[in-house]
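Take a look at these structures.
Next come two complexes built around chain A: one with chain B, the other with chain C.
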Partner chain A sequence: MMQRLLNSRSFRKYWKHKPAVVSSIIIAGYVIVSLAIVFGDLVTIENCEQRVAPKELPGFGLLPVVSEELNAQEEYVNEIDRLLQKQRKNPDTEEKCRYMGLEVVDRPPEQLEKEIEEYFAVADQLYQIDDIDDIVAEGGSEAQDILSKLTKAREIQRGFYTAESQDALARKLQLSLGTDRQGRSIFLRAVYSIKVAITVGFVTGILAVGIGTILGLIAGYSGGWADALVTWLYSTFASIPNIVLLMVLAWVFQGGEVDKWLNDLTNNYFEKLIGGALEETLIPVIIAFSATYWIGPCRIIRGETLKLRESEYVQAARVMGFSRFRVLFRHILPNLSHLMLINFSLLFIGAIKSEVILSFLGLGVQRGASWGKMIDASKSDVANGMFWQIGAATAFMFGLVLAFNILSDALQDILDPKHV
Partner chain B sequence: MSFVKAEDLVKHFPIRGGVFSRIVGAVHAVNGVSLQIEKGETLGVIGESGCGKSTLGKTIIRLLQPTAGSVWFDGTMTSALSHNDLMPFRRRMQFIFQDPYSSLNPRMTASQMLTEVIRFHDIVPVGERKKYVDELLETVQLRPEYRNRYPHEFSGGQRQRLNIARALAVKPEFIIADEPVSALDVSVQAQILNLLMDLREQFGLTMMFISHDLKVVEHFCDRMIVMYLGSVMERVSCDNIYEDVRHPYTKALLRSNPINDPDEQTELFILEGEVPSPRDPPPGCPFASRCELVEDACRSTQPELVTLGEGQQIACDPVVRKLREG
Partner chain C sequence: MWAYVTRRILYNVPVFLGIVLFVMLALRVRDPVNSHLGKVKSEQEIKQLRKEMGLDRPFHIQYFSFLGDVCTLNFDDECWDHPGRSVGEVMGESIGPSLALTLPALVLTTLISVSISLVSAWFRGRWMDKALVITAVLGMSVSFLVYIVVGQYMGTTWLKEHTGFAPFAVSFGGYDGEPTAMEMLLEVWPHYYLLPVLISVIVAMGYDTRFYRAVMVEESARDYITTARAKGASRVKVLFVHMLKNAMIPIITRVVITIPFLITGSFLLESYFGIPGMGRELLTAVNHGDFPVVQAFTAVFALVYILSNLLTDVLYAVFDPRVRLS
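Presenting the complex of A and B:
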C-alpha cells in the first residue's frame, strides 16, 4: 500500500514540486505544535494569560533603552520587596516569594533585604539623572559610568531568581518576542494561537467540504426535487453573513441554557467532551463557519457531478447494472477527489483568516489567545512604535497561510490527471 | 420471434423553461421506430448527426427510459422491467461507446475496471478472475502486461480495445456498438472493425452497429436501417446497396460518398437545406424540405413504411408509386 503510494504518479509529481514539499513541512510543523498543545499541554491557557515579565518589553532582539530597563527592574524589585514585607508580617505563612512566574531564591529574609538595599543604592543614582537615554546615546565617559552602574544593578536584580526555577532557554524564548501591556509573553500567546487556528481551519474545512460534497453529489446525481431542494438550501444559506450568524449563536449560547440542556440530554458527557461552557469554546465559531462555508464546495461538486453523470464511463457503469451507490462512490467520487482536496485547502485558509477578523471584532475566541485577539490588542500599540505584538501575530499567520496557499496551488496541478 | 425487437419506440426529451421549469416542449429524438434483429445477425443503423441513432441504441439498452413503445429481448419485454429485474439482462446485452477517451474511468486501471465488472456479475470463480482478465485482454489483442495501466497510458485504439474487453467481460449475447470507430484514425478503424468481426464470429454475437459511415456499415452489417430526424426512412439488405436503395435520402447519402476510382467521375452531390429542428418536426415527411422528389402531399402526410421486396422497406410515397406504376 505504502509502496504503491510512493510509486504513484501523483506522489512523484508532488515530490518534484519543491515549494509544495517545503510548504507541507511547514504545515506539518504547525500541526505538530498544535497537537502538542492539545494533548501535551505544551502551552496552556494559563501560560498565555500569565504575567511573565514587565509590560511592553520589546521583542525581536530589540534592547530596551536604559530608562525602560530601569523601570522594568524597579517594578520587579519593588514587587519582591512588597512580598518580603508581607512575609515579615505573617512569618508563619509558607508562601513563597513568587513573582512573574519566577521563584525568588530561597534565602534568609535579612539577606534578601540587604540585597534589595544594595540594588536601590546603585539604582537611585541612575534614577536621579534626567534624560539618561540622551546621555547614553551621546557616549563619552559619563555614558560609560551609567552603563557600568546599570550592569551592576542588572546583576543584583538577576540574582533574585535562580536559573533552576526556569529553564534559561525557555525563559529566553518566552521573552524573545517581547510582552504585551499586561506583561504576558507574546511568544506564548502566538504559539497558543496556532492551536486555535489549526482547530478552526481543520474542523471547518472537513465539515464544510463533507457537507458540501454529500449534498452536491445527491443534488447533481439525482436531479429533480433533491436538486431543487439543495439549490434552494445553498441559495438561502449564502444570504446569511457569517458574522451575523455568529452573533446569533453567541446570543443563543449565552448564559449556559444550551449547555444545561445538552448535559441533561447526554448525562453530563457533553461537558466533559468539550471541556467547558459552549460560549467559551471554539464551537460557535466552527458552527458559524461550517454553516456558511459548505456552499462553495457544494456548488462545485454539484456542477461537476452533473457533468460526470452524463460522461460515457458513468453511462458504461450504468449499462453494467451497477447500483446508484456504486456508481456514485466508485466512479464519480474518485474523479471529484481533487476538487475536494483543493476546496479543503482553500477553506482552511479562509477559516483561519475569518477567525482572525472575527476575533479582532471581539466575536471569535472568547478565552485564551488568538492571532486576531493579539492584533486587536495591538491597535494602539503600533502608533507608539510597539510593533512586536502585531508583528508576531501576523508573522505566525503569514507562515501558515502562505504555506497552505502554495500547497493548494500545487495540489491543483498535481491532482489534475491532464497536467503532466 | 426475433431476438431483439423494438416496437414503435418513441423517445422525447422534455424542454423546460420559464420561472417554474414547466415543460414547454420536447426534442423528438426517436419517433416511432420499429426494428427486429435475428440471432447472430448484425443490423446497421445509419444517419447523419442528430438523427437519433445513438438515442435509439441507448433506449434499447435501457440507459434511457422510452417515452412510448416497447423493447423485447429474447421474448421478454425489457422496457418495462425494474432495475433489479433487469439485472439478468444486463449481462446479456452490452454497449460499446463512441469516444474511447471519455468512456473509461480515468482513475481505474485496466484490471480494476475489468475485475469490478467480473466480480459484480460473478462471471468466473474468485480464483480464476486474474486469469480471466488476462484472457480478455488477449482476446482484444492487448498485452496482459498492460493490466495495471491507467487509461491515459493507452492510445485511442488501445482504449477502444479496452472498451470492447469490458463489454465482452460479462459474456454478452447482444452488443450495441455506438460509432465505435468514428473517433479513431482510419488505419486504427480498420483494425478495430476487423477485431469486432472476429469477435462476432468467435462468440456468435448479435449486434446493432450505429454509424454515419455508409462504407463501414456496408462492410460490417447484414441489414441496415436508415434514419432521418428520428424516423426510419428505409430498411435494406447490405448485400448490394448500390443497386437496391430506393429512398432519395439514402441515395443522397450514397452519392455524397467519395468514390476511390479516378476514372469513374461523378458530379459532386451536396444535399441542400437544413435538417428541420427535432424540437418542432414537420407534419409530413421529415425529409420533405431537402428532397428532390418532393410533392405537395409529402409536406402534409407522413409516409408509411412500405415493403418492396425481400427485407426491403421504404417510407417514400412518390418512389413507391413510381415503382408500382412500373
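Presenting the complex of A and C:
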C-alpha cells in the first residue's frame, strides 16, 4: 500500500515540487507543537494567562530604553517591598515568595529592607532626570554616569531573586518576544494560539469536507428529490454572506442558553464531556465554521459525481449488480479523493483566517489566547510604536497560512491540472 | 432568453424562503426577549414586549408576516438598542456610509487587478510574472486585521510624525453642519473614507490578481489567440483587443458577485474605523442582542445576495448565448 503510494505519479510530482515539500514540513512542525500542547501540556492556558514579567517589555531582541528598564526594575523591587510588608503584618505565614516565576532570595527581612533602600537611593537620582532617554542617546559623560548608575541599580535588583529559580533558557524564551500590557508572555500566547488555530482548522476541515462529500455524493448519485433537497440546502446557506452567517450562529451560542439546555437534556453529562461551559470551548466556533464551509466541497463533489455517474466504469459496476453503497464508496469516492484533499487544505486556511477575524470581533475564542485576540489587544500598542505583539501573532500566523497556501496550490496543480 | 430568466427567478424563490426560515429559526433558538431584557425587566414587561414584537404568535404566522415585511421592505419595528428609531431608519442611514466605502474600493480594486493581471499575462513565465504571483501569495498570507491595524498606524500617526502631513482621520467623527455635495466629496470623503478604501484595495488585490491572472492564462491558451497571432496581429493587439474582450465575462461575473458585499460593507473596516455602515450596525446588534435589527438585516442581505445572483445569471445569458440554451 505504502509502496504503491510512494511510487504513484502524483507522489513523484509532489516530491519534485520543492516548495510544497518544504511547506509540508513547516505544517508538520506546527501540528507537532499543537499536539505537544494538547497531550503534553507544553503550554497550558494558565501559562499564557499568567504574569511573567513587567508589562510591555520589548521583544525581538530589542533592548528596553533606560526609562523602560527603570520602570521594569521598579516593578520587581516594589513587589519585594509588598511581600515584606505582608510578612511583617502576618509573620507566621510561610508563603513562598515567588513573583512572576522568579523566586525571592532567602535573606533576613532587615537585610532586604536595607537593600531596597539602597536601590531607591540610586534609582531616585535617575528618576529625577527628565528626558533621560534622549540624554543617553546623545552620549557623552552625562550618559556614562547614568549608565553606570543604571548598572548598579540593576545589580541590586537582580540580587533579590535567586538566579537558578527557573530554567534560564525557558525564561529567556518566554521573554524573547516581549510582554503585553498585563505582563503576559507574548511568546507563550503565540505558541498556545497554534493549538487553537490547528484545532479549528483541522476539525472544521474534516467536518466540512465530510458533510459536503456525503451530501454531494448522495445528491449527485441518486438525483431526484434528494438532489433537489441538497441543492436547495446549499443554495440557501450560500445565499447568506459568510460573515453574516457566522455572526448569526455566534448569536445562537451567546448567553449560555444553549449550554444550559444541552446540560438539562443530558443530565449535566455534556458539561463533563467537554470539560467546562460551552462558550469557553472552541465548539461554537467550529460548529459555525462547519455549517458555513460545507457548501464549497458539496457543490464540487456533487458536480463531479454527476459526471462520474455516467462514466463507463461506474455503469459497468452497476450492471454487475453491485449495491448502491458499494458503487458510491468503493468506485466513485476514491476518484474524488483528490478533490477532498484540495478542499480540505483550502478550508483549513479559510478557517484559520476566519477564526482570527471572529476572535477580533469578540465572537470567537473566549478563553485562552488566539492570534485574533492578540492582534485585537495590540491595536493601541501599535500607535505607541510597540509592534511586538502584533508582530509575533502575524509572524506565527504568516508561516502557517503561507505554507498552506503553497501546499494547496501545489496540490491543485498536481492532482487537478484542468482546474483554473 | 425570457424562459431562461423566468426559470432562474423561480429557482431562487424557494431558496429565499429557506433563508428567511433558517434565519428566523436560528434567532429563536434562545429567547431573544429574555436574553436582552431578562436581567433588568420584570416578567410583566417581558411579556408585554414579546406581545408587541408578535413573538407570542405561532411560528408559521410570524414567518409569513415577516416574509411580508421583507418583500414590501417594511421595517417599522422599533430597535431595542436605539429607542424611538425604527429598523428601517437605521438601515436607511447606514447604507450610505457602507456604499461610500465599498463602491470606490470595488472599482479601484477591479481596475488595478485587471491591469496587473494583464501585465502578468504579458510577461507570463518570466521573472516579472513570477514576482507578481509570489507577491500576491505572500500578501494573501497576512491577516486582513494586520493590514487594518498597521495601515491605520501608517496612514495617521506615522505619516504625521514623518511628514507633518495628516490627511486622514484615525476614526470616523461627525462633521460640522450640513456639508454641500462638493465639500462632501472633496473634504469629508477623503478625510474619513480614503484610508479604509486604500487598505481594502491592498487586501483584495492579492486575491483578485490571482483570479484574473488565471483567467488570462486560460484565455491565452485558446485557439482563437493562436489564429489571431498566426494571421499577423501584434501581441499588443491580441492582448488588449482579442483577449481582454473575451475575459470580460469572468470579470463581470466576479464584480457582480461582489455586490452583496458592497451592502454588507467591510465589517472589519467599518468597525475598526468607526464608520456607521450596515456591517457595524449588525455587529453591534449581535453584541447587544438587538433582535429586530439582526433579523431584518440578515434577511435584507440575503435578498440582495439573491438579486445579484439573478443579475449575474441574466448578464451571463446576455454576454454568452450558449448559457441560454443549457
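Definition applied: the second predicted complex is superposed on the first by the 382 of 420 C-alpha atoms of A that agree within 3 Å, B and C clash if a C-alpha of one lies under 4 Å from a C-alpha of the other, contacts with A are read in each partner's own complex, and residues count from 1 in each chain.
Operating definition for what follows: a contact is a pair of C-beta atoms (placed from the backbone, for glycine too) under 8 Å apart; a residue touches a chain by one contact, two chains touch by 3 or more.
Values in this document were obtained by computation on a predicted structure and should not be read as measured data.
Using the contact criterion defined above for the overlaid structures, shared-chain residue A:Pro241 touches chain C, although it does not reach chain B. Of the two partner chains placed by superposition, A:Gln50 touches none, neither chain B nor chain C.
Legend: residue contacts after superposition of the two complexes on their common chain; A:Gln412 is shown touching neither chain B nor chain C.
In the superposition on chain A, contact of A:Asn263 is made with neither chain B nor chain C. Counting the residues of chain A touched by each of chain B and chain C gives the higher count for C. When the two complexes are overlaid on their common chain A, residue A:Val356 makes contact with chain C while staying clear of chain B.
Once the two complexes are overlaid on the shared chain, A:Arg330 sits against chain B while remaining clear of chain C.
When the two structures are aligned on the shared chain, A:Gln87 is found in touch with neither chain B nor chain C.
Within the superposed three-chain model, A:Val382 lies in touch with chain C and out of touch with chain B [touch as defined at top]. Taken in their complex, chain A has these residues touching chain B: 9, 311-313, 315-322, 326, 330-331, 334-335, 417.
Within the complex formed with chain A, the residues of chain C that make contact are 12, 14-16, 18-19, 22-23, 26-27, 29-31, 35, 137-138, 140-146, 149-150, 152-153, 157, 214-215, 218, 260-261, 264, 267-268, 271, 279, 282-283, 286-287, 289, 294, 297-298, 301-302, 305-306, 309. Considering their complex, residues 232-233, 235-237, 239-241, 243-244, 247-252, 254-255, 257-258, 353, 356-357, 360-363, 371-372, 375-376, 378-379, 382-383, 390, 394, 397-398, 401-402, 405-406, 409, 420 of chain A touch chain C. For chain B in complex with chain A, the residues that touch the partner chain are 58, 61, 63, 83, 86-87, 90-91, 94-95, 97-99, 102-108, 116-117, 120-121, 150, 152, 163, 166, 170.
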